[in-house]
Every structure is written in C-alpha cells, then in structure tokens.
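Consider the two complexes below, in which chain A is the common component and chain B and chain C are the respective partners.
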Partner chain A sequence: MSQSDSTPFGDRLKPALERLFAAVGSLWLRYEKGLADRYETLRGAQLTGEERRVLAVVGISLAAVVALLALNPVDAVVPLPVPSLTVPFVVSTLAIAGMYLLLTLGLNVQWGYAGLVNFSVIAFWGIGAYSGALLAGSGSPHELELHPLYGLGLAVVLSVVLAVAIGLPTLRLRADYLAIATLGFSEIIRIIILNEEWLTDGGLGVGGIPTLLSTWPFSLTEPVMAALANLTGAQPRTVFDLFLVMAVVLAVFLVLRRTQLSPWGRVLRTIRADEDIAQALGKNSYWYKMQAFVLGSVIMAIAGWYYAHHVRFMTPGELEPIETFYIWVAVILGGSGSNRGAIIGGFTVVIILQGTRLLNETVDWILFFVTVDASALRLLLVGLLVIVVVRLRPEGILPPQREHIWPGALSERDGGEDK
Partner chain B sequence: MSTVGSGDESYDYDGGDLSKPNQLLRVEELRKEFGALAAVDDVSVAVEEGTITGLIGPNGAGKSTLFKLISGFYEPDGGTVTLDGSEITGLSPDAIARKGLLRTFQTPRKLEGMTVRENMLIGAQHQAGESVLPLWLSPDSVLADERRTLERAGELLELFELDHLATEPAADLSGGQFKLLELARAMMAEPDIMLLDEPVAGVNPALAEDLAERIAMLNEERGMTLLIIEHDIDFIMNLADPIIVLDQGKVLVEGEPDRVRADPRVMEAYLGGEG
Partner chain C sequence: MVEQLAIDLVEWLAGYSQLVASGLVFSSIVVLGSIGLALVYSVGDFPNFAHGDLMTVGAYTAVVVNVILGFHLAIALVVAMVATAFVALGTDKLVFRPLQGKPIELLITSIGVAFAYRALLLMGFGPSSRSYDVGGRGGIDWVRETFGVTVTPRQAVIVLVTLALVTVLHIVLQYTTLGRMMRATAENKDLARVSGIRTAQVLAAMWLIGGALAGAGGVFLGLELVVRPRVGFSILVVLFAAVILGGIGSVYGAMLGGFVIGMAHEMAGLFGDISDALPLLPGFGSEYGAAVAFVLMILILVVKPSGIIGGKTSA
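Here is the complex of A and B:
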C-alpha cells in the first residue's frame, strides 16, 4: 500500500482486491494443474463444465450463508428474513449434517457401487445408536455406563453380524429380494426396540447418554473447544462433535475413494451394471456384494452411534422408515456411485430438513399478515426437488464422470515402462 | 444312435464324437429339462484342444442352453462337464471362469459408464486390488498389478485395433466393435477355452469378416480353443472345423463342414424346425 493517504478508500481497496484475486486465482490454478498432472492421461482430466457449474452453485450458496451470518448478529436492530440463522445454529446443523453425510456415503457404497437396494438404512443407524445408548447411557436399563468406545465396538460388530445375516440368503437372489428383506428388517428392528422393554426401555427411550467431549481422550481437547465455543456462541460439545464428525466423514470419504478407484471398486461397478458379465469374467459377485453390503452397513451404524452421543437421548420414534428414504433421496440427488455426489446430496437434504424452520421465519417475514407453517411443506419440497433433478439431471447432480483406475498406474506407465 | 419321430419326419441322431484326442472340454450326457421339455437331452460332445468347433442348429435346438450349462449359468439335471481333466459340473459361473473357461454373450451387454479400457481391466484375473485389505496393506502390489494389466490391455486393444478407442465410453461403440471388445476382454483373463455365443449376430458383413480374422488369429497364433455358436452358416463353415449340429436338444451330426453341409438331415432339421 504505497499510495498516498489522500487517495479515496475505494482506490486503495481496488489494487488490494486485485492482488487478492490474483493470489487466489494462481493458487486455484496451481491446484487444478496438480490435479491435471495426476490424472494426466485421463479423459476429462480437468473439472468438467458440469463440475464447474456445481462448484459455482455450492460456492455462491456458501458465500450467501456466510454473508447472512455476518449480517445477522444476535442483537440485530432490524431483523433479517432469517433471524435464526446464527453461528450456533449453523454449527449444530453441520454437526447433524455430518451424520447424514455418513449415511449417504454408506448407502452409496451399497446402491451406488454395487446396486444393492437397502431399505434398512435407518435400522443399521438405529443399531449403532442403541449400541451407544444402551452401553453408555445412565438412563439405560442395564446401567453399565461404559466408555462410549465400547458402544462403537458393539455397533460395528452388530452391524456386521446383521448385515451378513441378511445378505446370506438374499444376495444370491435378484435385487428385489434384498429390497423386501431389508424393508422387513427395518421394521423388525424398530418394533423390537419399541417392545423389548427389558432390553431398551421401549418407548420411554434411553437418556443420560454422555457427550463424547466428556470422556477421555476426547476431553483433552476441552480447552480448545471451550475457546472455540466462546468465539462462536455454540456449546463446546457441539463444536467438538462437529470436528469429530467431519473428521470421520473425511476419513470415510478417503477410504471409499480408494476402494472406488481400485480393481475392487471396478468389480462392484461391473456387478451393478451386469452381474452375469462379472460372473462370466470370474468374479464371485456374491462375495463382492456381501462386502459392499457390510461395509455400507457399518458406516451407517457408526453414524447412529455418533448421533446417540450427540443428542444424548434415543427413542424408537427416531427409527421411522421415512428416514431411510431421505437418505435414498440424497444419494439419488447427488448422483449414485459418486462419493462427492453423496456429500452434495446429503447436504441438500439436510438443508431441506433442517432449514425449513428458517423458511418459516422468512415466510412470516414476507407474509407477516398470515400464519403459514412452511415446515409442513418439507416432504413436498423433497418431492419437488427429486422431480426437478430427475427431470433436468437424471443421473444426479454430480454423477461419477471419470475412469476408475488406480491412481498412478496410468501416468507413470506412460512416462516410463520400467519402474 | 437313437431314432426320434417328430411329426411326419424322423431321422437318426449320430451323437457327438467323444473319441477325439486331447479333449480340453468334454460334456457327457448333459441334460436340462424345463417342465416336460428336455431343452438339452443327454448331449455328449467333446472339444479338441486347439480347434475352433462350431455349434449350429435351428432355433430352439438347445445351443444357448448347452452354453449356459457348460459355463455354470444353469444347473444341469444330469450329466457331467469336464474341463482339462477336472470336473466342473455344477460349479458357479465365476469358479468356472477362473478355471479357464470364458464365455461371451449373444446380446451385447454394455457396462454403463465404463470406458473401453476399464472394460478390459475387468477381464484380468487374480488382481491384488480386488480385495479390500491390500489397498492399504500392500498398495505397491496393487499398483504393480494395475500397471501390468493396463499394459496387457493396451496390447490386446492394439491387436484388436481398438486402441484408438481406449478411453471412449464402451456404450459408444458400434455393435461390431463391441463384439471385438468382448473378445479382447475375455482374452484378458487368459482363458484355456472360449465359448462364443453368436459372435457376429447383428454385425455388418465387413466387420463380421474382421471378427472371423481375429478369431482365426487367436486360434492360430495363440493356440486358443474355441467353441462357437453361430447362425450365420457361411461364417461358421469357413471358420470352424469340426461342426456340431444340435437339433431338439440332441446332437444330430458332427463332422467337417462339407460333410455337415451335405447331410440331408441338417437341411431337414432346419426346415422342420421352422415349420
């Protein structure tokens, strides 16, 4: 800033902004070039036009939310159309969104990779949630109050066992049978949890589930979380949950990405497209489908375990089948088979489900003379969104678009044959 | 061997030749019934190693059913299938494929969203990356396998003159190109024997010629053994020797193309089958 002090503010701002844009631009270009180098020989190495457009929409939405947040202090004199859109609200919504993302990623392994129709997403989620609640909750009929990690272990083991139990008889049959079996399984789990009071306290629910932040080793981060909580106005445990769930989402995403680009993922894609071909080429499709089914179910159970410790109270009412279909909508919206699509679809559904109370306020703000309950429209909105997406983008918002070849195998081969 | 009267015509069924040497594939008394109909009625045939054996017959003769029985897609009601001396009867299709018997399908089955190259990679067997754990425990061997496989895919695509299409979506290929791709993909598995179900169905004559050349080349240069179902009589007569004629679930006659062509029963079977 070597300009003299007499230049107007705008004149000084302009070069600064230009420099900023240039810096961001060159960073972005370098990032893209890095990507392009890595996928040098792949068709559509750079982001496709579609991906750019999706990225732009996501960016604009993010910017809008940030702007609203900035303009929306708790003590605003003139209320904006969305007074509830505050930082604490966003933090807690994102903490829930993380759980939805895990569910969509899990279903994407089953439906998106392998073409398995699983209608018991919420049951595996519930198994995870009740594993956490019953082992760790002080309100659990078993009064164990174990460390939350025991619940996580139980969630994983139970989901594996039950997924195998469902898969054994149905994965050999046509896809329809798995759909029917899982639909039934989902209701069975819900009704067992509702009625077996000795096991789950039935409809009373299980309370007193400890927050994760209150247990070692997570409690070590307490000072940091408290500071961040001060800064944002959210609760420390919510801030911690947000970090934790996003870390888990990232880890799951990276794991799934690697499996997707591997020969394993390729076999699953083949099975999804045409199981006979996979078998004719020597692939044991039954075994591969089983792996995908179990992997997806475990991810769903982990999401449930996290949720139980996040809301700290579980009732069987949370296991309504409609939740399963929200996850289906998310995966289909995002683009079946694409992990990035599952993330975007998951966010979209969360925004609709959680954002409807904001909509209420906005509608009240505009139509202050009538009382409308816009949140009752959420199902309608989900339906409309599905229709719009299916009409405009039948393969979802971000369907898989690249070849799935193990990273590094291509470019180096073309670079020099000998290793 | 047996005499069957169907309507007003009746003729002898010779049965397949089980006396030939070096039998890579041997089918004995194989049987499949759908209700009261025996689609494959105690068929015994053998395929000699290094030959191209043709399998012809009128519609409904049981050719495709026989293929499905051999390749494990149907469970036989009786009889045995032996591949290179070991019995494979009743094994699952993937187990049979891993033992070295690969089949292609009559109708082109395109794998949605996959490129030509990806199609090729699926054909490869015993890849380290086909299990989940090695992806983290031994990524180097996954990478090495993948490179080798890609290289082999490149060579085969060149051989089949599809290399310029390697990164195209397989769904964009023409019918004939797709048949070539199916062949090349099956070759990726390094099979001992290939069963081709109507390789030139719906392919224009020029490409059919091309396909015939590739198949002959696989046979001559790579010693590939092939069993081919084909409706295009000229195509198969020029390519295969011996020819096995199936009719009403039984082997009518087996022999050199000229002998089969001259056999009045074959003509009768075709005409009778239509009427």
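Here is the complex of A and C:
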C-alpha cells in the first residue's frame, strides 16, 4: 500500500475519481432507464418547449441577480449600491438552503401530492428543531446532552404523533378545516415553546447545540473539508453541513420521486384531483391523506432537527407563521406536485430571502426618504408573490410532467372539463 | 337538590365575576370579527385568512384619525368602519373576485392578502405598539360597588356598541329586503340569481358589512389591548374557532360561537386553576387563551363538525 514517490497524490486521485463518477453515473442512468421503461410519465425525461422557455427566463433573471452581486467587488471604481456577494456567504446560504429544500419537499408531499393545506410547516420544523436542541444542547434546561440521534428519534416520533392528532379530526372534512386547524396548531406550538420555561427555557432560547456527526465522519473527512474551506473561505463545519444536508435532500428527493410514481402516489394524486373518484375506486382516501400528512410532517421535523444542529442556537422567535408561507410560496412557485419544481421553488425563495437581506441597504438607498424595514419588505414580497402566482401561474414554474390526473380547479388551461 | 346545585354554581361563578366581565368584553370583539368571517365564508365559500389583518387595518385607521389628526375616538370608530369596509370591498374586487369558485386558491390567496395588509401597515406605522388618545382607563365606581367588578368605561363602550351593532345587523338581516336577499344568496347563490336577485351587489354588501364590523372589532381590540401590526393576525385562530363552533357560514352561529369562544378565551386562567388542583395536569395561565379556543374548536370538529347551528361540512 506504499505510495509511489514519483506521482503526486492528486494525479492518482483523478483517474480514481473519474472511475467512481463513471460507475455512479452508469448506475444512475440504468436506474433512470428502468424507471422510464416502467412509467410513462418519466419517458422522454427531456423538458418540453414551454418548460425550457420558463426555465430560461427564471435562470437568466437569477443569473443576472447573482452576476450583479458578484461583479460588484468592494473596491470597484463605481461601486453599485449593493453589497457584494462573497463565497463564504454563498456556502453558508446553501447550507441553509438545504433545509428549505427539505421543507419544500415535505410540503409538496402534503399539498402537491394529496392537496392537503398544511399551515403548520414551521410548527413541525420547530418540533424537530427543539427535539434536537433540548436533548443534545448543553444550554438545554434538561442538561441531558445526548447524542443528536436521540433528538432525531424524538423529532420523528413527536411529529408522527402530532400529525396524526391533527389529522384525525380534520382530514375527514373538507380542506378548509385542516388549514384552519394547522394555523391554530402552529400558533399554539409557538406559544407553548415561548411560555413553558421549564421545558424550553422560553424566550431565552437554547444554546450549546452540538454539531452533527462531529466524531465520525466529520473528523475522518476533516482534511478534505479543511481544504475546501481554505478554497472557499468558509468554515470547515459549514462545508461539511452543506454536503450532509445536500445528501439528505438528494435521498429524500429520490425516495419521494419513487413514491410519487408508485401506486401509492397515484392514489394520492387521484385524491387530490377528485376525492370522490378515489373513493369510488375503493380507496380509503382518509387513510391515504393521513399517510401523506404524516410523511410530509416527518420530513419537516428532520429539516428542523438539522437546522438546530447547524446554527446551534434555537429561539421561539424563529417559529413565526410567516416562515410557513415562505415554504408555500416555494411549492406553488415551483409547481405543486412536482419534486423538481419544489427544488427550483425552494432555491428561488432562498434567493429572495437572502436577497432582501442583502438588498435592504439598496432599498434604503433608493427610497432614502422612507426607511423600509427588511422584514416588512419581505412580508410584502411574500404576500404579493402568493397572490400573483396563484392568479397568473397556478401551475408554477415546473408543473408535474404529463400529469394524467389534474385537479379540476386548475384544469382550465388545458381547456379542461372544469366542474 | 337541583336548586342547591344552581345556587352553588352561581356562588362559584360569582367568585369569577371579574373573569365574566372581561370575558364579555373580549366576546364582543370576537363576535364583531367572526360575523364578518362567517359572512364571507357563506357567500365566498372560503375561509378568509386576511380577516384578522382587516381588523388591524381598522385599528390603524382609528390611530390615524384619533391620534394623528386628533379627532374624538367616536369619529375615529366611524371612519375606521367605513374605511375598513371599503378596503374589504376593494380587496374582493381586485384579488378575490377573479378567483371566484376556486375555494382552495382563494384560501391561499387570502393568506397573501393578510401579509400584504400587515406589511403595508408595518411600513406605514413601524413595528411599535400604539394606543388611542382617550381616557376611561379607571373602573366605573357604581359598577364596582354594586357587582364588585372592575369595568372601565372603555369596556362598557365596547360591549354596548357591539350590542347595538349586532342588533342593527339582526334587524337588517331579518326585516329588510337587503337582508332577505343576503340570506337567500348565502343559502343558494344560483337559485337567488334565478329569482332575480343581483347577487353581485349582495356580495358587495356582505363584504361592506363584514368589513365594517371587522373595523369596529379592530378598534375595540386596540382599545382593550394595544394597536400592534400583529394584533389582528393573533386573534385569527380565535375567530375561526368561533366560526366553526357556530357552524361555518352561519351569522347567528358566529355570534353564539364568538360569545362562547370569547368567554372561554378569558377563562383560560380559570382552566389553569382547575388544572392546578389536579396535580397530574400541568398548570397554565391566561397566555393560553388561544390554546383553549383551539382545543374547543378541535373538540367541535370531532363531535359535531357542522357546528352548533349546522353549517357546511363537505364541499
């Protein structure tokens, strides 16, 4: 196993990596082909002309924003009134973006697949985050300092139990009831976490939350992470978390896409389109909706658990209902029911959120006579986006491809048989 | 036996008469809010999540008239009711009308509208809380002597004006042509239209009435608590609990539900007393008013989803 002294390490690494990528790639292609053979919806995975046009518009506008920020170094001759975009900022934003993608994928299961209006995304996220924080954090009032995996277990169990508890009375009724009940649930979780100091330390928050997988595999990969950190100027931990969360996102994405194509996903989409049809076909729509609701809620709780261990400090202030609607904007913007859309929508919303944070100074500069609060601006932006997207493009940027079953309410575009 | 029980009950309640008094005040606010919500629910067929923030619009309109322009709060109340009514009507025309017949889209859009209202108020007035430039904070002496309860003139005004507004609404609904048209439209829009009722105008009237009542509720909310950008959104869960308790779409149900939920909201501390007596349950205080309302709502959904005065349960 002794290393040859003439060839540097990098030169030998390269062909090895190439071989690895080729192997993974061919496995991937085979998997895709297998799926495509079985499911008509995936056949011809290339984008349709309209999708390409939409993606081009979105891509160009996003690229323009990024370019504007990136081509604006601090020492420019004529600095734009925009703060410049630094690499460490991008890395840490992406590490947070992973969390948003998980939330978006989770809501897509509920709203996109099954048509369930869940307004307590942030509550399930908070349950996951506080499960991690309270069991593992050194600043937790319980002083348990358990391994983060216990927190993950608690997050999953709690989110399952609470999702079932909300679903039991409301999923039998029409969609509004779930919307109202989840909005109430979200407020109550926030009030409990804020007020029950014996449980959560209340408004003070919980600190000292350990990082994830800190002994293994982080220590193992530390040289690589440190090298990447050197390259980007970010913290090694942030780089590691970025890889970690993106791996989770990829796994969840693949699982969800698989379930969407499965008979289970088909039944859910039928329920969303017309619940009476699903029931007439002998499907227990209540039970299917419950499964989708629980699955989505668990994904949200996992996202929260990751976030708590990523930022390492949790306060109840992060459980504001507005956060739920960032995720809603992401899902309906991306295309309800489409996992690709959920990813694109998630990224778009992260760019909007971070963008308003960055652009706040610019807005102050333009409207120097009015001081506009960044949070108010974001609130307005999210509100208007919801209104505009639902009105003008209810199917989102990337609607599910060749959907055979589509809700009546959204079918007019296809000259459909609405009502 | 029964008499003794009744006497015991009255005595027990007398110990909590202060809670009952403040419950009446909060109930008034909830009733005003939930009537408008129920009206929109019955004709628009969607839960308007912007209704809480519509109340905030009313509260801030009164801030402008009362605090900034310096008029009396009574004038501010009237202006707030008119302004909120037209904000509601304008929002319907601009945002909700084009989506007519799509309840889920309307529901999601209404959340966007709620945030837009709040964001504009935040931009205009900032995040700090404000209160009205009016006296009446001290208790009324004769009420304290007679009933042993502290009621401020502000609270008395809230309850009396609410009673007056609800009475007027009842008369309008029952004894005027407009009221009959409104009831017919709420019952069956298509049939109403076939019968020659101009449903578009009736719908506009309902938005105006619901908006005006929300405006009044918002002013009272600001009078009883403080005016904050989030004050209306915070009460939204309570309003929905009231509407569901009464039966979705039923105006009289909303009145009854608003009364019950408002009382329960203020009695949260009392529930806390009970749970303190039972060592197994964790004690909780008045900050859980919304939670009590929420639990009542869930119970109603389990037992009788159509509400006390039956409403709509299925699409």
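One rule holds in what follows: the second predicted complex is superposed on the first by the 286 of 419 C-alpha atoms of A that agree within 3 Å, B and C clash if a C-alpha of one lies under 4 Å from a C-alpha of the other, contacts with A are read in each partner's own complex, and residues count from 1 in each chain.
One rule holds for everything that comes next: a residue touches a chain if its C-beta (ideal position, glycine included) is under 8 Å from a C-beta of that chain, and two chains touch if they have at least 3 such contacts.
All figures in this text were calculated on a predicted structure; none of them were measured in a lab.
A.B. asks: Considering only touches as defined above, state whether A:Thr270 meets chain B (first), chain C (second), both or neither.
C.D. replies: After superposing on A, A:Thr270 lies in contact with chain B but is clear of chain C.
A.B. asks: Thinking of the overlay built on chain A, is A:Ile332 touched by chain B (first), by chain C (second), by both, or by neither?
C.D. replies: The second partner, chain C, only.
A.B. asks: Give one of first, second, both or neither to describe whether A:Glu145 is in contact with chain B, with chain C, with both, or with none.
C.D. replies: neither
A.B. asks: Touching A:Ala376 in the superposition: chain B (first), chain C (second), both, neither?
C.D. replies: Second partner only, chain C.
A.B. asks: Under the stated touch criterion, which partner chain does A:Glu222 make contact with: chain B (first), chain C (second), both, or neither?
C.D. replies: Touch partners of A:Glu222: none, neither chain B nor chain C.
A.B. asks: Which of the two partners, first being chain B and second being chain C, lies in contact with A:Arg391: first, second, both, or neither?
C.D. replies: After superposing on A, A:Arg391 lies in contact with chain C but is clear of chain B.
A.B. asks: Pick one for A:Ile180: touches chain B only (first), chain C only (second), both, or neither.
C.D. replies: second
A.B. asks: On chain A, what residues does chain B touch that chain C touches as well?
C.D. replies: After superposing on chain A, chain A residues 409, 419 contact both chain B and chain C.
A.B. asks: How about chain A: which of its residues touch chain C in the complex?
C.D. replies: It is residues 115, 117, 119, 168-170, 172-177, 179-181, 183-185, 187-188, 191-192, 195-196, 321-322, 325, 328, 332, 370, 372-373, 375-377, 379-380, 382-387, 390-391, 394, 409, 419 of chain A that touch chain C.
A.B. asks: Where on chain B is chain A touching in the complex?
C.D. replies: So the residues of chain B touching chain A come out as 71-73, 92-95, 97-98, 102-105, 109-115, 117-118, 121-125, 127-132, 135-136, 142-147, 150-151, 167, 185-186, 189.
A.B. asks: In the complex of these two chains, what residues of chain A are touching chain B?
C.D. replies: Counting only chain A, the residues touching chain B are 41-43, 258-259, 262-264, 266-267, 269-270, 273-274, 276-285, 291, 295, 337, 399-400, 403-406, 408-410, 412-413, 417, 419.
A.B. asks: Which of the residues in chain C end up touching chain A in this complex?
C.D. replies: Touch list, chain C to chain A: 46-47, 49, 95, 98-99, 101-105, 107-109, 111-120, 122-123, 126-127, 233-234, 236-237, 240-241, 244, 248, 282, 284-285, 287-288, 290-291, 293-294, 297-298, 301-302, 305, 312-315.
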